[in-house]
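Please find the structures below.
Both complexes shown next keep subunit A, but they swap its partner, so subunit B is in the first and subunit C is in the second.
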Partner chain A sequence: MRGPRRDPDMVRAYVRTRGHSSPSRDGLTLTTLVRAADRPLHGLDVEALRVMRICRGPLSIAEIASLLDLPPTVALIVVSGLLDTGHLDSPAPAGQPDISVLEEVLNGLRALAVR
Partner chain B sequence: MDSVLSPSDEHLYLPATVTRSAKILIAGHFGAGKTTLVGSVSEIKPLRTEELITEASTGIDDLAGLPGKTETTVAFDFGRRTLSPQLALYLFGTPGQNRFTPFWEHLFHGALGALILVDTRRLQDSDPVLGLFEERGLPFGVAVNEFEGAPRYARDEIRQALALDDDVVLTSCDARNEVSSIHALIAFIEYLHRSRRLEHLS
Partner chain C sequence: MSYETAAAAPLVIAGVLIATVTLTAYFARQSAKHRARAAQWKAFASAQDLMLATAVSYGPERVAALLQQPLSGAPQFAVPDILIGSGFVENLRVLSERHVADLHRIQQETAVLTRQQVEAEARESAKTAVKSFATAMVSTGIDVSSEIAQALRRHRGGGIFETLTRIDHGVQQMLHQAQSYVVLCGGLLGQRWPASTLTDVVGAAQGAIRDYTRVQTYASDRAVIARVVGPVKLIVSHLLDNAARYSPPQTRVEVSAQNGHHGVTLLIDDAGKRMNEEQLERTRRILDGRQEVDILNTEAHPRVGFPVIALLARRYGIKVVLSDSNRYGGMCASVFLPEGLLTSIPTDLEPAAPQPAVLEAPAPPQPALTENGLPTRTRRRQVQPQQAPIGRRTSTEPARPAVIGAWQQSSRRARDAAAPPQRDAQDTATHTEEERSVDS
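Up next is the complex of A and B:
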């Protein structure tokens, strides 16, 4: 069975609109974490449904893109729309990292290195 | 095999307590060991994504199959490591061809910086990638990936050969080894922390 691979025409359609409709949320990045909110799914298009199905737990947009075989820019657009409609939640505001993130990363890596 | 996982593959999900992510780019010339290092540190099987880049500047018509279009694929791989109940670290292995395309903005965006791997047999191949990060102002450190059989040089010699500023961190690792790779990442993050190199993010 071929399986639900990405539809090249759909991808082209998204790519075509890319210049005109960049993700509507500023600060959305490939490492932004999202998960499904409890909302009815009717009315969503095929790509949005695939994203919703995979977002049962927290994942980054990069993971969604890779697991669904979507180009990352397409995944950003689809996720952005689903955040706008409340179908997806992002656990933390997609802010820029600050010095406290460096400290958290450092502490975490040091803990791994001494195991 | 198709890449669609069933929703019951719970191991792929982050713990529900994780609310923050951080990203470090793993860069370097062709074959420097980027994918290897990402795989050594990652808790998930490294993933890969591809983006089709249309290079001609005539817009929409490029995708309509007109002659003269140039489409290239930019591929990168990435891995993930949960560092605390709240934080996941993502490592992105950058594309082997270190030529800037607009897609690189997606890689740069929100990254703490880049650890650039070098193989001492091909030091001169690092020029384009060093240039890319210097030009962009994204902080970077350099780690010599110590392939066996590759010449060993003193740190000063490598620094000179790569024309690195004195303050740029230079370390070494065996990208195949998890702990060694983690130590290289620690040296890099310590350097970022020391120099508070986060201005690029604002």
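Up next is the complex of A and C:
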């Protein structure tokens, strides 16, 4: 009954973006982090709902694309629309990372290099 | 005595003579009468011969033509005076008429049979030609679609995306048309899909029509079995196309569903023109199979749609019904999918939540949870020993956990900076707890 995996391209990209061919806002990249804002979901289309369903914690757009098996540009366009409607927001980068974090990363990388 | 005898003899002779003459005259007259009658019969017979010869030499076409004229019109045959009013002419007329009627009948029957035969042959060869052409188009269309889908994943950039999706939209419409003709010619769709949710099937159908942006779909977790994904997609796309084509461009075409006891009914509503009684009746005749459909008696696009729907619906046990009034004053098409065509798809195919926890997979083997199921704070301590040899490269001990631990923490902090503490989703609550514990 289970058969092969679902076909991610059965619904075509232009249907998923509702005909939009580029993100409505500039400056979004695949590494941009977004998180769900506290807004009711009714009135959203199928694709937006799929994104909202997985966006419980902050996720990068690349992760969204990968989790939903979407072409990257489609994820950018759908997320951009959700940022416009306020269903998602994109936290500003937290400024300089804590120095201790950087130290830990450096430490980890060195340990990796040694191995 | 002899005188008396002598006197009587001439009298007797005269009597005999008179009698003889009289008889002779009588017989002569009789004979003349017979000769005249014989001559008349002869003339009659030769006139009959002449008429028959004329009739034969005229041939069936002339005879038919002459007999089609009203009797009161021009003389149909040169009838000799001697035959006028005779039974012979009447019989000849009746005979010719029957002969011509027979000829007509045979001619018509032959014409009908020939036409049927020619039509059947033409239909068969038209079907074969259209089918092989359409099948080739479908095959190319599927290849191009798959190329485009891969390209959309490979390349990024607004311009490329726009160009590729425009081409794709064209290709999908072409594929839709080609598949419709394949179905009309009795062929199979040639495209196989795995079992898919109704949402995906409707989304796929949406992509095949021109005004796809006007379609408002719905989310459903019901799925159709692999065998009918293609047919349902084609049926729905024809109904969507019909709805969008005959409704004002600013209105939406709505797709909804009713989960019933015996199956699911998809409803496609538009706010457009309603069909008139005659159109509706004709369409219903096609849909419920009262009217045979084939490639030669369909009209131009978009009339191909209903015959295709009817053929597919009958083949797969789907029921399509049109009603001529809905809440928007437009048409409503319903597609009933019986339970036997439905299935459920394992939901693990679509992850329900992001999993930052994946990074924790290679966590150290110590008991990481408290009795409450909350992570203990010991993790930080596992990382800390590794902080001692900062600046030295001799730290060779458990390098991998250290790297992962550091990576994990930095990743978490970044996420924590991004994550609002008041998130309400239930399954992120534990993550929040975890993150806080790490931070403290």
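Keep in mind that, in the parts below, the second predicted complex is superposed on the first by the 73 of 115 C-alpha atoms of A that agree within 3 Å, B and C clash if a C-alpha of one lies under 4 Å from a C-alpha of the other, contacts with A are read in each partner's own complex, and residues count from 1 in each chain.
Throughout what follows, contacts are C-beta pairs under 8 Å (C-beta built on N, C-alpha and C of every residue); 3 or more make two chains touch, one makes a residue touch a chain.
No experiment lies behind these values; they were computed from the predicted model shown.
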Does subunit B (first) or subunit C (second) touch A:98, or do both, or does neither?
-> both
Looking at the overlay, does A:73 come into contact with subunit B only (first), subunit C only (second), both, or neither?
-> both
Classify the contacts of A:108 with the two partner chains as first (subunit B alone), second (subunit C alone), both, or neither.
-> both
With the two structures laid over each other on chain A, which partner does A:49 touch: subunit B (first), subunit C (second), both, or neither?
-> second
Which of subunit B and subunit C A:62 touches, first, second, both or neither = first
Between subunit B (first) and subunit C (second), which, if any, makes contact with A:32: first, second, both or neither?
-> first
Contacts of subunit A common to subunit B and subunit C in the A-superposed view 1-5, 11-12, 15-16, 19, 33, 53-54, 56-59, 63, 67-68, 71-73, 91, 97-98, 101-113
In their complex, what parts of subunit A are in touch with subunit C?
-> 1-7, 9-19, 21-22, 33, 35-36, 38, 45-46, 49-50, 53-59, 63, 67-68, 71-74, 91, 94, 97-98, 101-115
Contact residues on subunit B for subunit A in the complex?
-> 2-5, 7, 10, 12-16, 18-24, 47-52, 54, 59-60, 63, 78, 80-81, 83-84, 86-90, 92, 103, 106-107, 109-110, 112, 179, 182-183, 185-186, 189-190, 192-193, 196, 198, 201-202
In the complex, go through subunit C and note every residue touching subunit A.
-> 145-146, 149, 152-153, 156-158, 161-162, 164-166, 168-169, 172, 193-197, 199-201, 203-204, 206-207, 212-213, 216-219, 226, 343, 345-346, 349-354, 356, 383, 386-387, 389-390, 393-396, 399-400, 402-407, 409-410, 413-415, 417-420, 422-425, 427-428, 431
Would you pull the subunit A residues touching subunit B in the complex into a rising list?
-> 1-5, 11-12, 15-16, 19, 29-33, 53-54, 56-60, 62-63, 65-73, 76, 91-92, 96-99, 101-113
